[in-house]
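Following this line, the structures themselves.
Each of the next two complexes has subunit A plus one more chain, namely subunit B in the first and subunit C in the second.
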Partner chain A sequence: MSDRYTKERKVGEGTYAVVYLGKQISSGKDVAIKEIKTGGFKDGLDMSAIREVKYLQELSHENVIELIDVFSDSGKNLNLVLEFLPSDLEAIINDKSIMIVPADIKSWMLMTLRGVHHCHRNGILHRDLKPSNLLISPTGQLKLADFGLARALGSPNEKFTSNVVTRWYRAPELLFGSHHYSGAIDVWAVGVIFAELMLRTPYLPGKDDADQVVVTFQALGTPTEAIWPGVSHLPNYNNLVMYPPPSRQELRNRFAAATESALDLLCGMLTLDPNKRWDTDKCLTHKYFVEQPRPTEPLKLPKKEKKGDK
Partner chain B sequence: MISNDDLYRRSTQYRYWSFTRSKLEDLRILANKKGIDFTKRRLQDLDPDLPETKAIKEINISDYPFVTSDEELKIVTYYARKCKDLAKFFHLPSQARATAIMYLYKFYLAHSVMVYHPQYIMYTCLFLAAKVENSFIGINNFSKAIPKTTPDSILQYEYLILQSLRFSLRCHHPYQPLYGFYLDIQELLPKVDFKRLGRSCDSARELVNESLFTNVPFLFTPPQVALACLWKSDAVLVERYLAKKLGLKRKQIKSEMETIREEEVKEESTDESTVESTQASQQQPAGESSDHPSPPSSPQQNFDKLMLTIRKCVDMLEHNTMNPSMEEAKHISSKIRFCLEPLRYGKKLIKQKIATAALVESANAKRSNSSELESEPKKQRISG
Partner chain C sequence: MVELDWNNVPKDMCPVCKTDKYLSPEIQFKINPECYHKICDACVDRIFSLGPSPCPYPNCGKILRKNKFKTQVFDDLEVEKECDIRRRVLNIYNKKEADFPLTDDYNSYQEEIEDIVYKLLHKIDVEKTEEQLKEYSIANKQSIRMNNARSDQEYEKFIRLQKLEKQYKSQRNRLNRQIIHEQANLKNLEKMKTIDELQQPSEEKNSEAVIKSVKESMKNRSNKYKKQLVELENKYLKQREIIIKNQQINSKKKKEVKIPFTPFNGDRMIPMPYRLEPNRYKDPYMEKMVDDVQFMAGGYKLDLYYERSLNEAFTGLNCYIEEEKAN
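Right, the complex of A and B next:
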């Protein structure tokens, strides 16, 4: 055990790590210690842990979780010391006793997009954005976490796996099995999260991979060569039911509380063709973020402690 | 507005792994000194009763075959080149190959070959780099392909390497910037012959491959190295491109180039500070640091500054690329073995002593043979 940190209690367990709440002895600061399980992975250090270390070391931003330190227990277990973030956006969305107003949504969207923008300008794709990976600090700051699936934007001829992003937040190019994708897949996920914040329920909850295709295109229309040149050449573009795109009025009905510019931003992020989908620059400079209401100050945002963490 | 230069300055590659020439040299000398101290302690810990230990104690400690700092760099480079071959064998992309090579060089900025033999560290660096760069190879297949290794013999160094890399795993190489220049040149100089550009970029890519075996990755930014390699394969093209990019009139270039060359020769010996100051700039060729606002410089000044950096980088590529021969490597490798296993050296000393003694004896015998015939018993004593 390191002499610089204490592990106090277990707060979570994932596939490749156990997370402890601990303290940095020198400062008394709360930290989360992610102890990477060894032994389970016969090929040495776990791939997700390596990705997490690789990318978090390069990212220092208000809206990205901070990797404070890395140390080893008896030279064997890898421990990542992360800033302690007691809550996440999923817990807030699911707690129906919490009131969420449009200004709150704007504030969370702003912080999410800033974090994603910082990743993208450093050539890093997150590839697993979803409400449970958007953690909330005690001061209300939202931070992107879990970089276990992240990767660098590579050279143009490099093949990527399309098996990324939790199903409900998966962009259409991934549903079609594309091997060449970009930051646009993260923007799509943020768009789905935006919709979920407004609806207070998952927007595109596919039951399985096949259902995800149906649910996605029922809501947003099936892409054709006319609106997305080249789409028909993607590996899984076949046997599709052709749904029409939703009319503006249908979208207004679905997102009753959204302003016109909120709908514009949503449509920009949920553009089917990844080449036409808005990038984070375009999203962040959109008038939705300057028009009234102003985004809620992080400190004043609704809060929610994680389950079993009282 | 945050520029690409600012972002690069925040990267671990800039913060942890960019140095001035003298700093880089200091690190290697320090690592070497640590290796010598480590070996000396190893010598002290030998069992004093063994004849090998006694033989070692008899010689002057400064005569022990310690590896020098220069030899360390040579043998690491020898294995860095082996690493390249092995990466090709596994069909790894250039990014993973280059990362493995950089891991190996970085490891030996903190450690000495007298403590960890580079052959084994090289295997683990390659295995780790493949994993980090999304070209994962299973440890069983990896180890099966390399003679005299086991999965454990490779995995045992993984954490140590990670630690020596200060847990900074991301590497930026010149390949991507080179591709960026390739696209930008087409955009800016649309009349340029496409085949010529392709050829120039291909040979620049080869030079980038070779640049890994120099100090250049520690002293210049990846776009600087990419430009230097491209300039080396097509100077006219690069100068036309940069002139256009920086808003310079074409006529001015030639005369300016001559003055730069003269200046450069003068500056050769006192360039420590210049290396430092040009280190982070030119992530994009026209990039000016926004951290240190300086009076707006003219296109001419920008062009000159950039050309000076390119010339320095090219100079280093031309004079510092190492390719140690097998004989050199064997010689250094045997010294490493004596440092790692001093008893072997003790044995060698004993053998030498016997051989010298035998030589002296036979010389004496020859001399005495000519006068008397009494050498028989002496010879028997020695061989017995």
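Right, the complex of A and C next:
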């Protein structure tokens, strides 16, 4: 089966997969080949590989990574052929030599939200949104990647694990250990990414799970029954220090470069109560995206090649 | 030998090595903001090169470091001290008027700064004031850094403007010099012409024609330079405008985008083969289950699950794999 693709060189290795740069022989197109370590199927196939295949094949969108093909080579390993995307948002945020202007942030937010919107309208939660999972194509298009933690909205008698999403981007209902959540957790993560883009530094960098609670509520106020009905019944809601919610002026000071509507959108995405948190529809139709400056065209966005790729 | 009065050191003498400005005019004095005692450059090098040492003035005893020594700017030490303190405080209290919604707020902020400077300068409640300063700097770490970055940017802008102006001026001077040069040439030529006329009245016509053409070309050239000068000035003004507006020098004028903005990239409503009618579908079992504080507080929505289930059920209908493969 692998005669349709060539593997050229290794570009990365994760816990359950090795990623190679390759070429589709028929078209000469660059592809990324994710070889899943199966260990001879001793313990079965890794869950995240199944999730990745299952949900990526459902999704086809400009801002979601494309799963081109799946094959197994010599009967041993499972290979996912994905679109090759040379850069990611984290590399851009961390490269201090790159200047990010508000129009660039708007463009990236727009593409992220479009991608998330597409997942959500198909009933899929990404559950691991963070800058390093937002890959950037050579033409500047931002694409959601790494669907290893994704899942479909389940029936009420299914219990979702709350141990998802990289810690810094974890929504408060996850911090409280909720087992029944919705796409609002992805919106929260996008909000934190939005803040990170403006600050050029992680917005809520908790050192461990307990610290994450403290950092999050220090920045955004501790939720109470009044602003989030039912919150005190969530499993991990106990022993909380009550921090006051930030005033508008405090937020303005923190995000000095943000316009008023940018702050509105940020507050909408970082609303503590998931029922009141904006959904992707509301975010995308917000006036932040309409007002000046217009979002930068993807081709003109700042770029960075990942180390080792030339 | 007269004992040196340490409390009243002569103006032009280093009290440590007793070097005098009269005998060694190259002497330079340094002070340290710890105690503001004057020491000559050579002594600073000698005493503090090996690391922090106490101040050589008797009854001072402050431990000084070499890298903190600086040249005195103001004659009056009090002014020097105040400037140092002010600089330090303003590095922390670095908000601008535009950061405040009300002028009154800004004024009281200024008042606070003046209070702190005054107290530190006159050694009133030093510990308390230092504490206040420290607390403020911790509480406003983020905004202080941001404001500093902002003033750095402004400084950079200023430097860029200065550089541009310098460049412009040197180019303008060059063109001006060329114009003057051409004009001098023109004058010379005229002189030559008169001499020629006097010398060779017979060939008058011929030489005049030659000279006229040369003159013409010179005039053209100087006109050209003048034009360049005007162009240069316009270019300079434009670039200056751009820097002031904080744009990249090379950025071209933004074209007005004609395409209207579409938040969903024209991809919002796919007509679904099904429709979820509100309040038409009731599942008492699930509704009872969802009517629970755990579901409510976590943001779970039953409708979304219905939608997903319908989507799952209908995905693939109207899809002809063979046809798609053929494409």
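Before moving on, here are some points about what is shown:
Definition applied: the second predicted complex is superposed on the first by the 306 of 310 C-alpha atoms of A that agree within 3 Å, B and C clash if a C-alpha of one lies under 4 Å from a C-alpha of the other, contacts with A are read in each partner's own complex, and residues count from 1 in each chain.
Here is the rule we use: contacts are C-beta pairs under 8 Å (C-beta built on N, C-alpha and C of every residue); 3 or more make two chains touch, one makes a residue touch a chain.
Owing to the predicted nature of the structure, the values given are computational and were not obtained by experimental measurement.
For the composite obtained by superposing both complexes on subunit A, the positions of subunit B and subunit C are in clash. Legend: residue contacts after superposition of the two complexes on their common chain; A:R9 is shown touching neither subunit B nor subunit C. Within the superposed three-chain model, A:N122 lies in touch with subunit B and with subunit C [touch as defined at top]. In the superposed model, A:G44 lies in contact with subunit B only, and not with subunit C. Shared-chain residue A:V53: touches subunit B; no touch with subunit C. Counted by residues of subunit A touched, the larger count belongs to C, out of subunit B and subunit C. In the superposed model, A:S178 lies in contact with subunit C only, and not with subunit B. In the superposed model, A:K96 lies in contact with neither subunit B nor subunit C. In the superposition on chain A, A:V70 makes contact with subunit B only, not with subunit C.
Contacts of A:G154 after superposition: both subunit B and subunit C are touched. Applying the stated touch rule to the two superposed structures, the overlap between the subunit B and subunit C interfaces on subunit A comprises residues 58, 122, 152, 154-156.
Of all the residues in subunit B, the ones that touch subunit A in their complex are 2, 7, 10-12, 93, 95, 127-128, 131-132, 134, 136, 138-139, 151, 154-155, 158-159, 162-163, 167-170, 175-176, 179. For subunit C in complex with subunit A, the residues that touch the partner chain are 99, 101, 140, 142-143, 146-147, 150, 257, 261, 263-265, 267, 286, 289-290, 293-302, 304-305, 307-309, 311-312, 315.
Residues of subunit A that touch subunit C in their complex: 58, 61-62, 110, 114, 117-118, 122-123, 152-157, 173, 176, 178-185, 228-231, 233-234, 249, 253-254, 256, 273-275, 277, 284-285, 289-290, 294-295.
On the side of subunit A, the complex with subunit B involves touching residues 42-45, 47, 50, 53-55, 57-58, 60, 70, 72, 75-76, 78, 121-122, 151-152, 154-156, 158.
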